[in-house]
Amino acid sequence: MDDDSRAVRWTQRTEIPLFVASLVFLAAYATHVLATGMPAFWHVVCLSVMFALWLVFAADYAVRWRLSGQGLRFVTTHLLHTVVVVLPLLRPLRIVPLYDAVQRKAGEPRLTLHARVISYAGLSTVLLGFSGALAVYQAERGAPGATMRTYGDAVWWAASTLTTVGYGDITPVTPMGRVIATGMMIGGLALLGAVTGSFSSWLMQTFSREGDERPPGR
Amino acid sequence: MDDDSRAVRWTQRTEIPLFVASLVFLAAYATHVLATGMPAFWHVVCLSVMFALWLVFAADYAVRWRLSGQGLRFVTTHLLHTVVVVLPLLRPLRIVPLYDAVQRKAGEPRLTLHARVISYAGLSTVLLGFSGALAVYQAERGAPGATMRTYGDAVWWAASTLTTVGYGDITPVTPMGRVIATGMMIGGLALLGAVTGSFSSWLMQTFSREGDERPPGR
Amino acid sequence: MDDDSRAVRWTQRTEIPLFVASLVFLAAYATHVLATGMPAFWHVVCLSVMFALWLVFAADYAVRWRLSGQGLRFVTTHLLHTVVVVLPLLRPLRIVPLYDAVQRKAGEPRLTLHARVISYAGLSTVLLGFSGALAVYQAERGAPGATMRTYGDAVWWAASTLTTVGYGDITPVTPMGRVIATGMMIGGLALLGAVTGSFSSWLMQTFSREGDERPPGR
Amino acid sequence: MDDDSRAVRWTQRTEIPLFVASLVFLAAYATHVLATGMPAFWHVVCLSVMFALWLVFAADYAVRWRLSGQGLRFVTTHLLHTVVVVLPLLRPLRIVPLYDAVQRKAGEPRLTLHARVISYAGLSTVLLGFSGALAVYQAERGAPGATMRTYGDAVWWAASTLTTVGYGDITPVTPMGRVIATGMMIGGLALLGAVTGSFSSWLMQTFSREGDERPPGR
């Protein structure tokens, strides 16, 4: 059996377990950050779970690299994969392969192109918002002069940042918080730009279908 | 007579009355929220009107579901319809079917594609702005530390939010207000993105018509 | 001679004088607003000039309406024209017919499509910014709690508003100022969206010209 | 040998040294602005290096103008070139010719169109952000009422400005700072609009490749 088909088989078998693992990772991180009153033991459990899962992600990356037979070029041709190994919080962004894997089993008809782009970019933005809010909240909490006092504040700040509204009633003040925030701005701009563009072209397409007399939403 | 033609007939007959009903719903909600000095009796009248109209909307949704013969898939294939039953304040967004119904009676020539997209998305944004400003104002009014003191403030806040300018001189501080605000940001981003995109491609099209020497606005 | 060719001749002869008149109107308004130390007599002169020019614009509109032979439909088919009669400050937006008229005389080669859209939308944005800043400054000046104290503040505010950055360090507080500001947000969003879209597609086009080895800006 | 091939040869030979020179210029400016505790002698050295490099840039511009044989039209046909002679801080924006020159030597396969537009516009935005933050920081430093106190503040302000988020926690207050900031807003809007547009159309293209079952990031 050649490397390529083994790589495809590996992907098909690991996609769903790895996605579940990435959600567990996110949950463990959220528990570690938000459950401030929790005994120290459980914080150690959360961190251990995160470390163990990260090892699993790294092993998966190594196996794929090996199976691809591409050498160093693998790092750039699988850029999203490389990013999510370094920053496992972003791993749920790999929701598309999961969606594909689920669909292939269920055999249901796929969504239209616009619906797929909107739902992928929309879900990615939501996950980016919650993960980013957690990370910024961890950096800001307790900093002198911080305006972000609760996780609710952090989520509200993330919403106003990702949509580029940027009220400025709550802003990160620590260097770490600002670095993460800058990453979120760029990611939000790109992902929501894709949502907006797709919605706009879907609307245009719907309105141009004159003959069949079917306005949107009927 | 088959189900499909009955569904079309139902739509043609109910579209205009239902649109008028949705404007009455919005007016009753606005009266309830803004007329603070009104006797309690009239508040009860407003809420009763809203509840009665909501029953009408729900009945219309049930009839259409029945006539469609689609079962549970109706919920996703008629997504806008489902949303406006849950959130009747957004019902005026269904302005397109109305426009179609009016046009079909009047027999007038339709607008161009760009003009239709711009006017639909623009009107939707205006309605979203006024409804959202009402809902956020109701949530914020009297909250400790609220910067949104009058309905005028709420409309000004809505304008700066929907255009993603986001001054931050007035911002919601209650959890409910922030949840509604986040919905408005996303809706505004998508709808105004469609307006901007259509305007931009209309401008491009106008400027590319070299031969007939007709600049825009002459 | 038929009405149509008379309409074209009217346009060709009046375009340049009317554009100059619109700049004089803007200058008179700017003098009225900004020259606070000026004797009352000169304020009367400015207002008289503005009123006289407005009569000229109205007369031009009436003549065109007459020549078009369209009746009430003229109001919607010449929408930009109707807007600039009601709000003469926006008249310099009609820079395209002027550009055409000048070009036709000079016989020079025209700019490319992208360059024309960018320069038209860009110039319109700059004019909208300066006129809007003047109008908002006039409404805000001396209002209690106003953060906009000088015309420089107003221009800075206009720049951050039209680009949808919206810092919020300076914001209008009067109802009149906020109404004008909302109009500017919408206009800025549409015009700068056109600039951005054109620039983006120009960049894409430039980068896709592989064969001739000509990167942009060489 | 004709002028055109001499112009091409000139470009090929000078591109890489000039790009290195522009990075040295940026480094000298950064040292001058940021190293406040440095002896006056080294400030003179920095300024001398900047002046010398500017002379080199001006000479290169003069040679190209001469070789082009275009006369005054050269100023508009090589607009980016003209801009970077006047504002040498922006010179690193000419990263594309460099990329081309390096590629031609290396003979490697080029990136796809979307990747090239995204990386060019993205890199340009990053350079614009750092240069602009330096220039605004120099203008703001020590101004009465300035909220921008460190270079870190300036970079954070630049990130929130270029993405049009615009929190407003830090804003320029001096006229010079505001003029530079307005230029950055416009540049950021155009460049990030190109990044967003390219990313969006790349995502759309990736999702539309149904047949080969290859979601992005696998």
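Just a few scattered comments:
Here the chain labels run A, B, C and D in written order, and each chain numbers its own residues starting at 1.
Methods note: a contact is a pair of C-beta atoms (placed from the backbone, for glycine too) under 8 Å apart; a residue touches a chain by one contact, two chains touch by 3 or more.
Listed by chain with UniProt protein names: A, B, C, D = Ion transporter.
Note that the structure is a prediction, hence the values are computed from the model and not measured.
Considering every other chain in turn, the ones in contact with both chain C (Ion transporter) and chain D (Ion transporter) prove to be A, B. A turn of 90° superposes the CA atoms of chain A (Ion transporter) on those of chain D (Ion transporter), with the angle given to the nearest 5.
For the pair chain B (Ion transporter) and chain C (Ion transporter), the distance between mean C-alpha positions equals 30 Å. Rounded to whole angstrom, the centroid-to-centroid distance between chain B (Ion transporter) and chain D (Ion transporter), based on C-alpha atoms, equals 43 Å. In chain D (Ion transporter), the residues touching two or more other chains are 164-168, 197. Against chain C (Ion transporter), in their complex, chain D (Ion transporter) makes its touches with residues 11, 78-81, 93-94, 96-97, 99-100, 110, 113, 116-117, 120-121, 161, 164-168, 171, 175, 178, 181-182, 185-186, 189-190, 193-194, 197-198. Of all residues in chain A (Ion transporter), those touching chain B (Ion transporter) in their complex are 152, 156, 159-160, 163-169, 192, 195-197, 199-201, 203-204, 207-208, 210, 213, 215-218. Chain B (Ion transporter) makes touch with chain D (Ion transporter) in their complex at residues 164-168.
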